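Handing you a structure now.
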Amino acid sequence: MLSFENDYSEGAHEKVLQLLMETNMVQESGYGSDSYTQQAIEKIKERLDCPEAEIKFLVGGTQTNQIVITTLLKNYEGVLAADTGHVSTHEAGAIEAGGHKVLTLPHTLGKIDASQVKDYLETYYADPVYQHMVAPGMVYISQPTEYGTLYSLEELTALSAVCREYEIPLYMDGARLGYGLMSKENDVALVDIAQLCDVFYIGATKIGALCGEALVFTKKNMPKHFLSSIKQHGGLLAKGRLLGVQFLALFSDNLYFDISQNAIDMAELLKTGFKEKGYKTLIDSPTNQQFFIIDNAKLEELSEKVKFSFWEKYDDQHSVVRFATSWATTEEAVAELLEMI
Amino acid sequence: MLSFENDYSEGAHEKVLQLLMETNMVQESGYGSDSYTQQAIEKIKERLDCPEAEIKFLVGGTQTNQIVITTLLKNYEGVLAADTGHVSTHEAGAIEAGGHKVLTLPHTLGKIDASQVKDYLETYYADPVYQHMVAPGMVYISQPTEYGTLYSLEELTALSAVCREYEIPLYMDGARLGYGLMSKENDVALVDIAQLCDVFYIGATKIGALCGEALVFTKKNMPKHFLSSIKQHGGLLAKGRLLGVQFLALFSDNLYFDISQNAIDMAELLKTGFKEKGYKTLIDSPTNQQFFIIDNAKLEELSEKVKFSFWEKYDDQHSVVRFATSWATTEEAVAELLEMI
Amino acid sequence: MLSFENDYSEGAHEKVLQLLMETNMVQESGYGSDSYTQQAIEKIKERLDCPEAEIKFLVGGTQTNQIVITTLLKNYEGVLAADTGHVSTHEAGAIEAGGHKVLTLPHTLGKIDASQVKDYLETYYADPVYQHMVAPGMVYISQPTEYGTLYSLEELTALSAVCREYEIPLYMDGARLGYGLMSKENDVALVDIAQLCDVFYIGATKIGALCGEALVFTKKNMPKHFLSSIKQHGGLLAKGRLLGVQFLALFSDNLYFDISQNAIDMAELLKTGFKEKGYKTLIDSPTNQQFFIIDNAKLEELSEKVKFSFWEKYDDQHSVVRFATSWATTEEAVAELLEMI
Amino acid sequence: MLSFENDYSEGAHEKVLQLLMETNMVQESGYGSDSYTQQAIEKIKERLDCPEAEIKFLVGGTQTNQIVITTLLKNYEGVLAADTGHVSTHEAGAIEAGGHKVLTLPHTLGKIDASQVKDYLETYYADPVYQHMVAPGMVYISQPTEYGTLYSLEELTALSAVCREYEIPLYMDGARLGYGLMSKENDVALVDIAQLCDVFYIGATKIGALCGEALVFTKKNMPKHFLSSIKQHGGLLAKGRLLGVQFLALFSDNLYFDISQNAIDMAELLKTGFKEKGYKTLIDSPTNQQFFIIDNAKLEELSEKVKFSFWEKYDDQHSVVRFATSWATTEEAVAELLEMI
C-alpha cells in the first residue's frame, strides 16, 4: 500500500547505503573517533562556514533534544518552547525525565516570536518570588516547525537578539532542516543558522539516512566532557562510523540538499493537485508536510488505499490529515495519490 | 594497520548489509511496528523456545542497561553488580543519572556468585536501619563477563534461585552473548537463559550488526508503556526497521551463531599462538577477549604495527593487554599478528 | 508593621510550643519512631474515621508533593493539575526534577473538574501514538485552591469516580486544609476526603505549627519502603518528634479546627469591611485568602503601613492584591487594617 | 530507659526553645528573609572570620548533602568520598537520586587522604577512555567522621591543596562539627575550615537544635538561583525563622561551643569509665561517639537497661557497639551507665 504517512517510511538513500558497503570492512576505532566521522564533520563545517563549530553525531531527535537540553540547562532552569513543540508534546517526557520543565508559550502556526520570549523573561525576573518558579534558561524552536511552517530570517534574528540579551542559548531542532532550507519560501540559510543559533541540529533520519542527526555547537560552547554526557544518555554508538559514513555521503556532492529538494518538489505537486480538486489546507505549509481538510467518509475510503496521518478533528464531518513527502517520494506515487482523491 | 583493539572495528556482516539493501525501499511504519521487526522477534522467540517472551530492539548496550534498570527498579532500589561490571565502571554514570545506585560486590574473574547476593540481601534486611540504605532490587550479570569469563549453568541456576527467593529480577547483559554461547567451555544454552533470567539482551553491535541489541523479557514482565520508556530515554528509532532487518538477517540460517563461532575459533588460534611463544595469560579466557601479560618494551614495538587495548599495569616491566577477535577476524589477521610477537 | 502578607508570618500556636517545651528532655528514638508521633497518628486516624490510614509527617508542602508524586507515578507518567496548581507554578520545578511532567488543565477559579480529567484520559488513550506522550497517572488538586476556592462534595465525588474508573490516584494538597474545612461554604468533611482521595495531606505549616504536614494514604496504598523514599528526598528528620509533638498538640482538644476557624472568622470580617468600603473582590473567596481589586495609588500608600501580596495586574490603574488571615490573626489587626483602607 | 543511642534523642537546648518562644508572635517574612535569619548569618560569618561567606540554613544533613552535591556537580561528575561516608552508605541513595555517582575510596578509620584523591584524579585523566567513566568532580569528607575520628590541620590542608590543583571543590559534612571542634585532639579551627573548604556545613540537629544545618559557601561560590535549588529539593521552609532563630540562639554567647564541650567532657568520662572496667575500644575516638567491644551476653543484659547502637560484629562472642553523648548528656546519666557495665 502506498504511504504518505511520514518521511521515514523507507530506509536510506542508495548513495548512503553504498558508502556503508564500500567502507564496511575497513577497521576503524570506535565511539566517533573514526576517520569517516572526522571527514563528515569537516564537510559540514565548510558548509556552515563556521570553522569553530563543534559537531557530534547522534542517533535520533528525542535523544539529541534530551542531551542538549539537559547538558546546557542549570538544574533550576527550564526550556521555553511553543506548546506545539516536539519537546512539549511528543517525547514521552524525555525533558522532564532529565529534570527540566518545558515552559510553554502559545504558538502561532507552530512558531513563537521574540516578543513572547522577552515578555516571559521580563515577567519572570520582575516577579518578587521568581526563585519559586522555574527560570527560563534556553529557547527551543524547530525549523521547520511541527506544522511545516518556517521562521523567517527576520524572526530568527529577533529571537537570537533576545536570547543574547538575556544570555540564554537559542536552540534549533532541525529534524527536517533540509526540507526547510529548500522551501521556496525560505530565506534562512545554513550559515545564518550557524550565526544566529547557539546550538542546532541537522536532521538526517528523515532526510536520507537510516538514522542520524548532526548536532552543532556554533560558539565554542560545547559543554566539557560532552562525550561523557552522550554516553551517560545512552547515545554513544560503539560503531560511530555508522553515523559518520552516512553524513559523509549526505554532505558529499550536495546530496542532502538535492534530496531535500525532491521532497519539496513533490509536496508542491501534491498540494497543487489537492487544491485543484477543491481540497482546503489547514495551513499553507511551504515544506514537506501538507495538511488537508477532508470529509470523513472520503477519508475512510482513502485509508484503504494509502497511508497518511490523522492530525486533528476539524468539525463533525471533517478531519485534518497530514500527507508527508520525503527524499524518497516519486512523481509516480504522487500521481497515484492524486488519482485516488 | 591491523587491529585487535575490540570487536566493533568493522561495520556489519555482509548478509546483514545485503538484507538492508534488499528491503531498503519498501515502505514500512515507524518505531518498531514494521514487518521486519515482527519477523525478527518471531525468529528469536523460536530460538529461545519461549513463546511468552517479549522482545524490543535497542541501539546499544548502555542504553539498554539504563532503560532496563530504570524501568524495573523502584525509586528506592539499586542494582547489585560485580565491581567490574560494565554498569559499575564504564557507562559514565548512566545508571546513577537514572536515579539508581550500583551496589557493587567484589568480583572473581569478573563474576559474582549466589552466596554473595544472598549475603547482601540478608544483611540488608537484617539491619535495623535498612531503610536508610539503598535496597538491593535487581541482580546484574554479564555473560561473558568483562574479563571474558563465563557463568556455568550451575552458577546461573544458583543466582536465579536466590533472585526468585527474594523476588528480584535477574538481568543478564549479553553484549557479547554469542561469543559466550559458542565457547567450548560454555554449558549454558539460550533456552537456559530464557528460563533462568527475568530479562536479558542478545548483543549484536559486537556480533555482526551496525548496531543493535535484542532485549528479552522472559516472564511476561515487560513493564507497562515500555515503548514510552524507550522513547523517554531517547532509544526509540523512527526507522525501527534498521534494527529489525539486522536481527532478521542474524537470526536467519544460524548466522548469529556461525559468526560467533568464528570469533571463538580465531581466539583459540590466537591464544595457542601466544602461549606457544611463551606469553602468559592473565585469565584463561574461554571467549573472544584474550588477556596477555607482555613486556612493556615489546608492547611499544608492537603498538606500531597492531592495535590492541591496554587493560592494566601488571608490574613495573609488564602490562596486561587485551586482544579481541570478532565475527570479522580472519585467519590471515591472526597469522599476521602471531608473526609480530 | 502590620502584615497580612501570608498565613505563615508568625511562629507556632502557643499550645504547640508548650508541648514542645514539656516533652523536650524526654529521650526518644529518631526518624519518626518516637511515641509522640505514634500518638499523633492515632489521633488523626480517629478524626478521619479511617483505621487503615497510613500517616507520615513531613516538613513542608513542596517536599510532600514531590515525594508523593515521585513515588506514586511510574516513570512514564505525569500528574494532571490545574494550570494554577502549586505544583504547576510555584515549586521551582520540583516535580520535573523528580522526572515527571505536570500535565496542566485550564482552571476555573483554581479548580479543575471531572469532565476535564475524563476528556484528557480518553483523548490520551484514543491517540494512536499515545505512547509518545506522557501518560496521565495521577490527579492533583488543592483544597482550598491557590485562589481560596473550594471543591464541593459533589465535585470531589465526581473527580474521585473518574480516577477510580481509570485506576489513577486522586491526590489532594491540603496545605490550607483547615481553612477549607471551617469555611461556611464547605460541605466536604475530613471523613469524606479520607473516602474520596487516595492520598492527601493535612497542612500545619500554615495552620499553627512551626512546620509540618501530615501525609495520609487512605487505602493501604503507601508505597513499600516509603521511609527510604522520604530519606532519599531529604525529608526524614532525625528528630521526627518535632513533627509528632506538634501534630499531637494540634489534634488534641480540637485545636487545629478551632484555630482554623479563627482565620475564617477574621477573613469574613475583613471581606465585609472591604466590601463596605466599596472594594471589589476578584473572587468571592470563602476561605482565608481574600483578593481585592485596588487602585494603584492607594496601594502604594497602603504598602507603607501594611504588608500584603501582589497577585496580578487588573488594569492600568488597578491591581489585585491578596490579604491572608491565619490562626494568628486578631480582631485588632483586622480593625487596624480596615482603618487604613 | 536511659539512652546513649545517638545524639538526637532529646529536643533542643533550653535557650534555643526560649528564643523560639520570645520571638514567636513577631510577624516576619518567609523563606529565610526574616530578620533572625539575617542576624544569625552575621553572627556565624563573624565567627568564621569570613566576610564573603554565603550562608543558608537547611533542615537536615541528607538534604544538605543532596542539595550541595547536586548543585555543584556537573551532570557527568561524581563525588569522591570514603566508602564509610554518610553519602556512600546511609542516605538511601539521595545522591544517586540526584543523578550522581558516589565514587568511593577505601577509608582509614573513616578518613581518606590527599594522596588517594590525587591518585584517583590522575588515574582517571590518564585513562584513554576516561570519558566513559564518571569524572571525579568534588571531594566529600565528614568532620568528625562516621567513626568519630578527626582530620588534622595537616591532613585537611593537603586535601584542600589537591582539590585546588584539580579545581574541584572540597566539601565538609559537619553534622557533628561542634563535637569535632571541641575535641582535645582537634587542631582545626572554624576559621581554618572556612579557608580550606569550598563549602561546608555546621550541624545543629545533633547539637542543640530541633533541626537545622548552616550551609556555608566560603569563596563566593554559592550557585546562582540557589534559593530555587533549595525549593526544588523541598528544602525551603515557609517559616525560615525556625532555623534562623535557632542558629541565632546557638551562636549567641558561645552556646554552640559550650554545649559541644559538654558532649566531649561526657564522652571522656564515659571512655575512661569503660576502660577502667577493662573494656576495649574499636577506635580510640576523640569525639562524642565511643565504640566498645562488648561480650554478647553482657550486651543482651545491658540492652534491657540502656539504649545504644549496634555497630558491627567483632567476633562470634563479641560485638562493637556505639555509645553517643551529646549536648544533653548529664554526669548522672554517665555515672548510671558506668554502674551498669
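A few points about this structure:
Letters A, B, C and D mark the chains as written, and numbering starts fresh at 1 in each.
As a convention for this text, contacts are C-beta pairs under 8 Å (C-beta built on N, C-alpha and C of every residue); 3 or more make two chains touch, one makes a residue touch a chain.
Bear in mind that the values here come from a model prediction, so they are computed numbers and not experimental data.
Between the chain pairs A-D and C-D, more C-beta pairs are in contact across C-D.
Using the mean of the Cα atoms as each chain's centre, the chain most removed from chain C is B. Our note on geometry: chain A versus chain C, Cα centroid distance of 42 Å, whole angstroms. With centres taken as mean Cα positions, chain D sits 50 Å from chain A. For this pair, chain C with chain D, the centres built from the Cα atoms lie 33 Å apart. Within chain D, contacts with two or more other chains are made by residues 75-76, 91-93, 97, 99, 131-134, 228-229, 231-232. Per the touch definition, chain D reaches chain C in the complex via residues 1-3, 5-6, 8-12, 14, 17, 20-21, 23-30, 59-64, 66-67, 91-94, 97, 205-206, 210-211, 228-229, 231-239, 241-242, 307, 328. Of all residues in chain D, only 75-76, 78, 89-93, 95-97, 99-102, 128-129, 131-134, 310 touch chain B in the complex they form.
If you check the complex, the residues on chain A that touch chain D are 70-71, 74-77, 99, 131-135, 223-225, 227-229, 231-232.
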